[in-house]
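Chain lettering (A, B, C and D) follows the sequence in which the chains are written, and residue indices restart at 1 in each chain.
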Amino acid sequence: MPQLNLSDFYTLLPAFVLTGWASMLLVLDLFIPRGSKGLTAFLAAVGLGLTLGITLVQAGSSSLGFNGMVVLDGFSVFLNALLLVSGLLGIALAYGYVRRMGLERGEYYTLMLFSVVGMMLMVQAADLIVVFIALELLSIPLYVLAAFNNRSPESEEAGLKYFLLGAFSTGFVVYGIALVFGAAGSTSLYGIVAAAASGAPTLLLSIGAALILVGFGFKVAAVPFHMWTPDVYQGAPTAVTAFMSSGAKIAGFAALLRVFAVAFPSLTADLTPVLAALAALTMIVGNLIAVSQNNIKRLLAYSSIAHAGYILMAFVPYGNPQVMPVSVAAGLFYLVAYAVTNFGAWGVVIALEKEDGKGLEISDYAGLFWKNRPLAIAMTIFLLSLIGFPPTIGMVGKFYLFRAVIDGGFVWLAIVGVLTSLVSAYYYLRVVVTMFMQEGEPQAASEFWLNFTWGLTALVTVIVSFVPQLLFEWASNAVLRLF
Amino acid sequence: MENHGFAFLAPWLVFAPVVGLLINIILGGWFMKQPWGEKAIGAVAVLASGAAFVVSVLLAYTVSAAHGEALTVPFAQWIHIGTLELDWTFRLDSLSTTMMLVVSGVGTLIHIYAIGYMHEDVRFKNDIPRYQRFFVFLNLFIAMMMILVSGDSYMMLFVGWEGVGLCSFLLIGFWYDMDTLGRSSWANSNAAKKAFITNRIGDFGFLIAGFLMFWYLGSFQFDQVFEAAPALAHEHPGIIVLITLFMLIGVAGKSAQIPLYVWLPDAMAGPTPVSALIHAATMVTAGVYLITRSAELYTLVPQAQYIVAMTGAGTALFAATIAVGQYDIKKVLAYSTISQLGFMVAAVGMGAYVAGMFHLITHAFFKALLFLSAGSVILGLERGHHHLAHHGHGHHDGHHEEVFDPGDMRNMGGLRKTMPVTFWLYMIGTLALAGIVPFAGFWSKDEILLDASLHYPGVYALLTIAAFLTAFYMGRQVWMVFFGEARHAAAAHAEESPLIITAPLMVLAALSLLGGGLNLPFEGFHNLGHWLEHTLHEVEALPLNLQVAGISTGLALAAIFVSWWLYGRNPLKAKQPDPLKKPLGLIFEGMENKWFVDEGYWAVFVNRYVDISRFLADKVDWWFWHDIFHEKVIAGTYNWLSNVFLNDVADQKGIDAFANFLGRATQWLSAATRKLQNGFVRSYALSVLLGVVIILGYLIFK
Amino acid sequence: MVPTNFYITLSAILFATGAMGVLVRRNPLIIFMSVELMLNAANLAFVAFASQHGSLDGQIFVFFVMTVAAAEVAVGLALIVQIFKSKHSINVDEVNSLKG
Amino acid sequence: MEFLSQPLTLLTFFPLVGVLALAFIPGERKNLLRWTALGTSLVVFALSLWVLSMFDASNPSLQLGKPLPWIYVAGWNIHYHLGIDGLSILLVLLTGFLTPISILSTWTAVEERVKDFMMFFLLLEVGMMGVFLAQDLFLFYIFWEFTLVPMYFLIGIWGGPRRIYAAVKFFLYTMAGSILMLLAILFVAIKAGTFSVPGLITQLPELYASGVIDPQTQIWLFLAFTAAFAIKVPMWPLHSWLPDAHVEAPTAGSVILAGVLLKMGTYGFLRFNIPLFPQAAVQLAPWLALFATIGIIYGAAVSYAQSDVKKLVAYSSVSHLGFVMLGMFALNEQGIEGAILQMINHGLSTGALFLLIGMIYEQTHTREIKVYGGLWKITPIFGTIMLIASLSSMGLPGLNGFVGEFTILLGAFGAGLDGGAFQPMGGVWWASISAFGVIMAAVYILYMFQKMFLGPTGSIVEEVKHHGHPLRDLNWREILTVLPLLIFIFWIGLYPKPFFDLMAPTVKALVAALPLVP
């Protein structure tokens, strides 16, 4: 058995640093007085920034660590960076929000950091054991965060639901891992693919893989594992929802992609139809139910479900070696597009949310354009981006995504995709209609970091749509280490 | 361009009236504010039209100096696409210059007449500012007519063809806010619309003929078409037949032939100068001109010629029968015009192009004369009526208990005495139309009948009867209008028209008297024939046939006698029904009501079209397509689907129903699902589980 | 020696029982215990497969699962206590104010 | 930043300068806002004339812009490529021409939220210019979809009572078509490895020849593009959004919608469907002719039965655009050149009609035909201009409409003969039946003109007088707004040569590339 060396630590360095920082912050927070928890937020952000720096330094390197348990590759660097940026955006959104809602406690930020660590570990996991641990590490803080507003029954309910169903789905993952282990005799992704090549029992393997898929499908809110999403998104504090809807989704998809592309390429024939069906179902159901929502948080929750479907489309041709790099790049690009847009949209929701939890109905947005132009324009940009309309990054992302799907030969899925995005236009436009074409007196909070967040994300959403080249290159270089 | 005399002036045929109308548009408003404004406007218009006449004369001289050789005067390119080459090019030959002379000559006379007529008309109708508009339209008409007759291609001709249709629309609807009696009504504008649309139906035929022509003969330009035609006639004679027959539809529209003649009687809603100029002398003869112009096509296909001839002859007779039963002085003339146009179309159909053109010219003279004189009569009655209204009743509140119709012959009678000048002018016109020697109408009509008698006995028979009826209804009219006693106070107080009105009439009367001299059926006097020969290449110059001439003259005289017997001997009394009513019974009913053709068209086409378009618009497009399909089906399905998946259905019932279904499979699951109905977290978990079951099921059993 | 299949069958039955427990029980504590049952079913499978393959990986995994489950319990109980404090009931069917 | 130096870039994006300027003008200074917007659009028009002056009409290929690499990873090969040729030059000019006119028409009609209106309008101009100039499918798609956004707001904020319904419907219908096109774009681009339109035109024939794209697939691709364009045109039976959008849109919106936005659909057929999928175009031409013909007849019939004058004109667009489609798919020079010219004509005449209706609506606030009547007497200038616009719309020879319709019908008739595109089905019937539409056009146009301007004075005249605003004739600003349109109505009618000259070489090349057996 080889000795651990520095390279092992280097492979997982960002996660280590962030874990250390978070632990330190947990202690440090005890000494920060109640009124100045802004300092905790600042320190958390510094930690994320530091880690982001390290991650960027890692760009271009590729290594296995801890006896093949974790892996560092372009894929992980790209997603780690994205997760860290999400963390930063999450803190920026939360900073004023928790204060306004009276939730300002230091643990909020610490928990976020731990969750980010879990997500990063998930991205780097090369062994199902690590996948499992990472899954729990990212989930448990999120359960707590969802229930963070202990004065709100909704928040508690959200936490409980998320917890119970999350644990339930974890059971499937674990059992799936057990079956995969039984079939392949290894939990290492690279070991599994080797075993599958040398004739492991396919049925057992594919059942195991399917159960793992269920677990991740739950995390990314794919239909029919999505039902917790609207309730939890609605009940959880909005800043948490924003973070959760991006971060958990990114991590879930990252693990899904790595596990399936690395470990189960031999199961393509079995799993591709399942993935395709899940993607189609998710797009259809998510978009259709969203049509009749009146609460903006639920609307965005269903939109989040629907987008899980779109991203899932990128995974459908995962077993086709010609298309796989394109589809991974498309998936990653879309994750970025979704994360940016999503944070922006939730930012606007936070700006309009009142201390008493009001201001979350779509009708509360009436006349926003005439009261607060920048905010309404930003929201319009986000909604257009979610529809996939120019000039936004969402349009470029969909373009890329559909291209990958068509390239993979799934024209019917692409048709489902475009038709459901047409459906989505219907409900997103309702919000636009409300903001521009109806009369009302909405009041929006104006907090620096909040404004900064939605302003920045709106700018990025538009500008990157014109100069997507760089992001394209990063996404295409974010290749998976397959062996 | 080589030196071709005055050919370079050709564009001024069009520009002169256009300049006139532009002056009147721009300065007319200012003119109207001056005391001499009307005269100025009239003068500008007359000068513009007169200038066109002068140019026509010069051009005719140029053509004759070039020994009838056709001259083309290119002006500008129009539409050039691939092999399609349409130009604004004027064509000067004996045929076109003849038409130019008639149009601008008669046109100028009518312009002069209109100065006086409209002066009074706008006052009777209480809208003096509209005076200006009339002359703008009239000049526009001359311009369009000039384009029609001078174009070197079928499409340039078509520009004029539709252009005069527009002018006709504008002028019929000149008093667009009233009916012919001056009452507030849609009637006049309906008549205008009817004319335009009916003409457009004809234009449809023209267009199709044009398309065939272009794709089979390769051009729209007259010479090129005629050059290519014989070869095509050799290969596909059917195509030429189609071209000529579709062209006939156009002719039927413009020259008011069966079945599209119905607009012309209604067109009498226009002021009388318009009726004279457009709906008698010039525009309606465009169809005759078109066929004459296309002689080289028609000559190739005798079948088509026969159909044209029969259409013309049929129209001639049919319209003549209706004319017999009319009471409105202008309506009689209108049907007479249709009938006479039938004569012309029959003539050109038979290949007697010179006869047709000859009749066209003489008809322009005497029918313009008749219409204008009728206008004078109407004005006379209006004056009488006006006189009464002001002096008889003392006050004039605008609401007559009984609306007075100055055009109704039943209100006339005895005008011989009150309007002597007009009477004599009218008589000349009548005799010319009736075909009495030596008036112009006799010579031209006789030539047509002669041709028909030689080649087309059927046509001859129809035309002869029509000629008899012509003389009869004209006789009836003259007796009713000018003889007997006044049947209305207005007629008794009718006043003669001023010189500005009667002077042009005298010129026209002279022409009606002497116009026959253009083409006398004697050796050496076939002037028109020889002149047109340059363009038409082969014309037959027939000597006078005493038999034919005798029969027609005899019949005309007989008809006049019969009319005297019925209407002259015992003049009509006020409110007395027409003496023909009793003996003819239903037949007269038919004549009186235009054989119910309008009603038939209305029932069969117009109302059906309205119904269909209402049905399409209200039922198909809006009710079904917009509301049902797009709203209910598409948008509805959309919302319905979304609701199906919504919490209360899918998130609860849908899943539960599915669970219930599974529940029947096993007792245990059934027990579980019963309790499951009020548990949300658990139904979410169920959903997850169902997903697992389905996926695993697929993997295991696929 | 008992064939691996027997262990696997038993673990599958346990797993299904756990899953059904989640579906039919209303008390979150019991539901959570059912989840634990599912996890332990997996553990059983791990151990069985580990011995079949002669690999320690499976047994190591079991320890991880147990540890993580303990962590989950901590969070879960805290949540349930919190809910009980505000609702005085821990019936999950009454935790349904969020829906639609 | 090389793209900035291209004249077409300047032309396309110049309105953004105006948008920026407007952003800094306070909303109360309405006149300054109006003048700024008008000035910007006039500069854009001047720029379009500048482009015209540099345009080489004898060159059939794309000009005045070279492709610049834009997104170049993973086989995307997306270029920033604006170019102009005979197919688009006239439409670009039309866009530049109609925008200031529309802005002028809003002078008194739009009093609320002027600033935002003008900004959206100028944004719309960017989109329209981009659509006509983009020569890369990706770029085109961006512009194509982008035009929806400002138009959506223009209808939705400044429209009539049912504006929201109309705006959303407009948005969704158009989007429904374009997403199918998106898939086809991606498919084609993946197979050919490029998004560039000229690149595709050279590469696709090889793919067709080698069987990479089989004829069946080509037809599907053609139909996917058709979905987008046919809805935009709108081709029967996909026209259901049009009456709603037109009726609810503010005047300037209707003008631009009818004048330019609908042309984006027909232009799309010309720019993409025909050259990219020539076999499919030839094969499906008779079917498109069928739909075009039905549209012509149906639109004309339905138009006649309308009681709302704006709806009447809206349905007449269905009929007119049917002519454009018919001419285009005649696939011969006469048909296509006529179709392009007819696009311009429809923009001019229907634009003028909408402007005029807007002007009277501003005074009367009703569009019910039956309350009007006899207006010619009260407002003679208005009546005369309306008459000219109506006659142009019904295709009176000597005015622009005739030149377009005549050449279209001529082309379509020729296409029905041996070797023509309609020969396999329908033949000369399409042209013949469509020619019947010319009669029907007279029916509904004259109906409208009669009921509004002729006949006894309508009740509205008394009513507005009663409210203290007696009906007035057009003022100088209004005359100035429509006068340019009238000039072109006559110009094109009498001397269309310069217009045909601009497009002839490109159309010739387009037709020559089609696999039609003469």
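Observations, loosely collected:
What we mean here is this: contacts are C-beta pairs under 8 Å (C-beta built on N, C-alpha and C of every residue); 3 or more make two chains touch, one makes a residue touch a chain.
Please read all numbers here as calculations on a predicted model, not as lab measurements.
Here the chain at the heart of the structure, going by C-alpha means, is D.
Centre-to-centre separation between chain C and chain D, using Cα means, comes to 65 Å.
Remark: chain A and chain C have CA centroids separated by 25 Å (rounded to whole angstrom).
Rounded to whole angstrom units, the spacing between the C-alpha centres of chain B and chain D is 34. Chain geometry summary: the mean Cα position of chain A and that of chain D are 43 Å apart. In chain B, the positions touching at least two other chains are 646, 651, 680-681, 685. Multi-chain contact residues of chain D (touching two or more other chains) are absent. The multi-chain contact residues of chain C, meaning those touching 2 or more other chains, are 19, 22, 31, 92, 95-96, 99-100.
By the definition given earlier, chain contacts exist for A-B, A-C, A-D, B-C, B-D. Interface of chain B with chain D (complex): residues 76-82, 84, 88, 127, 155, 158-159, 161-163, 166, 169, 173, 176-178, 184-186, 188-190, 192-193, 196-197, 200-201, 203-204, 207-208, 210-212, 214-215, 609-610, 612-614, 616-618, 620-621, 625-626, 629-630. Remark: chain C residues 19-20, 22-24, 26, 31, 92-93, 95-96, 99-100 touch chain B in the complex. Those residues of chain D that touch chain A in the shared complex are 70-74, 76, 113, 138, 141-143, 145-146, 148-149, 152-153, 156-157, 163-164, 167-168, 171-172, 175-176, 179-180, 182-183, 186-187, 189-190. Interface residues of chain B facing chain A in the complex, by the touch rule stated above, are 638-639, 641-646, 650-651, 680-681, 683-685, 687-688, 690-692, 695-696, 698-700, 702. Per the touch definition, chain C reaches chain A in the complex via residues 4, 8, 11, 15, 18-19, 22, 28, 31-32, 35, 38-39, 41-43, 45-46, 48-50, 52-53, 55, 57-58, 60-61, 64-65, 68, 71-72, 75-76, 78-80, 82-83, 86-87, 92, 95-100.
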